[in-house]
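I have placed the structure first, in the form of structure tokens, so that the comments after it can refer back to it.
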């Protein structure tokens, strides 16, 4: 096992990793930027090292400083958390070149799965369903028509250089196809300085369902069932739950089997997430793999009782998984709500300032992962995630009711948060009846 | 203080010339011990000068300037163990005077004073690990 | 289901019941004394009613005021919590006479099991092992010798009017018997104004193991396995865990079966606890039944995933249990530590004052039931229990390690608490190896 | 205030004479509505007098005395619906003047002023539920 781990992150996930280290009897050294100096979660680390200025590019994204900090304190591993450098294969490579274990998958697996096109090609090769599409840039009109016919309408035209929902156009009918592609190319040229576009089947009102996988370096790959993250706002997840209320047992088994197949094919180890879209008819399509621990990992921890961060660290130290697929028995229903320091009435503008009153909820089956407390300072420079409220109850209706109780109980003053929006979501019949899709929040609130 | 830091930052970003001053006998397998890095990290806050840096019997009214570490690494007062130190207490420095080298990931970087004055005190020991922003020298301005 | 419940208690258990009410969509009205005016947990109730002065006898023990408060706010049930009037059969009777449901067992079951001698007689009748003894007051010397021979040495002489460890004498040998009984009678006369003493087998270095039972008014009695509460200080429990690390599967099955048998014989409903002593050879002896919810109920909630307070309320409203014995599957290991506002260095003198900094631990499998927060006032007038830290992990060693981490993380300033003692207990090899008995704390710390 | 409360408490404990003044038409099945019991409970704190009890245009310097409820129950201003109220604004009261009855668990208890003065204001309505320590009357001392 490692003797000392450098935590190359901040806020709630840094605290989460510190706690895991303590329980493993591994020393935790946490880096911090000048902006985070004095944050209380740093007191729980064995040491804290300032690595740079407030801007992420001057501190949490500065790989040389992180590695220097690990060297200087004698850490034998680095945990990247999520965000920042967590999915940066170059950083992982540099760490290992310096004889510091990067707690995550192999560099090869990160490179293979981190590239969407490669991951899609891999999935197709091993017969995991992907969204039907052009598999590359549209060259000429004849090809475009041929592909669209094969894929089936409606289709979506996407700019190759786009992302986050930008540069997309839906075509419902063959007659509009060529004109729309032409427009899309012009727009892509203007917005991204590249005329490259490709075509995919448009999945109407999809749900986002992902499978948590954990694998060791000895070839054992175990899935920990799925999380449903359909409730998003502009591609940012707000609420996650497990099991998914919208898929049947057979789809669940298929998704989990596909996720394991992809990870085995990529010789994956560590924690990873395989994401799928599921359409209204229950058809599913692989979209991508996240090669890191995710914000919403506690949902799976609650249903399975397994500590994903501790397992991730053990696996990185070369240990075998101490459970197998058969011994993973999910229990009950878990829901997570992300409480962001944002103002829902002001276009979700991040809010900063000092919290004067912070009263997280508590009780049976309630977990709050947060770095918040009375007197805590919220910086406008970083991700606005302030707290994750996770509930675990025997059934989904009980979990929703418990979450409503928790959101009502949670007091954060005077910084504005997404709590009011979350309360409205938990009370909305479409969420309660699980009839939502990924566009629900934008359409409804 | 922010201005001073920014200057150091800028000069680094412009001129992070990595000098391969490899020390002849760097005990390269020993990880340097991190002296009191955790404690000052919390003692700091928004003070313009660290309490540690205040000298006993210090003349009230004199405003010392600090040279901060622009990086995380190991502090060396001389280019190699057989050479004299770059500066010592009482040395006069100018903005481009090299005051120490910092080692990180086997690369040595020269650190310049970025200010003018007399070295009043050297705040870290040779071979000590330093974190970003840690005061290294106290300079009495001319 | 009830429309509105009056909570006749304070502090952490009042908060626990408020949360259960909210999740059941039942209005919660909480009483308070003038001493507790302004306590933050009252904000979470739908209403709060002041019922009297600071002294318990002027407020929380004043049954007429509690019933008047229930009438005045239109509550259809009263939850007594633990302590105060929770085991007072007269109070339960008064409530029901006023058409207010008392959330607890029947008056008859409370009377039958609340009297130790009656409960013991019942146990003997249905062949549940009890501590061998005189079954009554020692009359003459011949009888004393005969009983002691039957019971077997060592024996313990107890004052009938004694309690809490006072008025007890151990006799290891027949030759000392009559002289000791004579002394004991004289002492009892002096201390309790009654010469009555009785004799029991002295259980050397016993463990305290109790079985949680929940039963409905339709005759269904389900046990929720055991809790080991051996770690006590002067008969006050400090640490509780489940499963017991000191009994084997067969003893566990026997204890649980005995507990169900006693509850069935007493026509018991609601939550209750059947307490046993277990000696070094694994022999067990029924001692008493607690006819209320207990401080340590969260230990069982963590292992079984069942909400005992919600179940207790549902059962009181006449509902059937929505689970049966077969569906109760305990999972993992849970430990609870009681953090009391007492000074372990000053003979556990209760500490009072305002808490300026309160940072409870958190993370996976961690629950803290507390009314504490920054600025919270601790009154010297009531029970010193400030917080219960409960952890739930796959195995006992992991649970102990997690608890150590939690106790290290917990900051309470400036009020003195039992945290330092708890930290030493969790690190003690006798606790870790589960070789302790009920005298461990007094002997060791 | 504590002294005043203690007096009320004592008088109750000594003389909680339960007067069976059963009201002829008490609508006994209706649970009385609890007016604003929650809010003042939290508004109180350690103030010597509740903010609610401050009269608009009140003469600064006059210290009113409050008659507090010594129990939880329902406030009635008169012995029965057909009788006049025990007191009204402007009535002079002495320590043993009965000012109201409180009903709890179908038992009516007479409440005495325990002070001397003029009734300045009646703070609760007839039939209103009151909690322990709630101010019932404001008395201007003689």
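Per-chain residue numbering starts at 1, and chain names A, B, C and D are given in the order in which the chains are listed.
By our rule, a residue touches a chain if its C-beta (ideal position, glycine included) is under 8 Å from a C-beta of that chain, and two chains touch if they have at least 3 such contacts.
Treat the numbers as computed from the prediction; the structure is a model and nothing was measured.
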item: Any chain that touches chain D and chain C; value: none
item: Rounded Å distance between chain A and chain B, as computed from the means of their C-alpha atoms; value: 40
item: Centroid distance [mean C-alpha coordinates] between chain C and chain B, Å; value: 61
item: Centre distance in Å when chain A and chain C are each reduced to the mean of their C-alpha atoms; value: 44
item: Centre-of-Cα separation between chain D and chain B, whole angstrom; value: 74
item: Chain C: positions in contact with at least two other chains; value: none
item: For chain B, residues contacting two or more additional chains; value: none
item: Chain-level touch network, classified as line, ring, star, complete or other; value: line
item: Touching pairs among all chains present in the structure; value: A-B, A-C, C-D
item: In the complex, chain A residues that touch chain C; value: 16, 19, 22-23, 25, 40, 44, 298, 301-302, 305-307, 331-332, 359, 362-370, 373-375, 392, 394, 398, 401-402, 405, 408-409
item: Residues on chain A engaged by chain B in the complex (per definition of touch); value: 32, 34, 37-38, 42-43, 46-53, 58-59, 64-65, 67-69, 71-74, 98
item: Contact footprint of chain A on chain B as seen in their complex; value: 5, 9, 31-32, 34, 37-38, 41-42, 44-45, 71-74, 104-105, 129-134
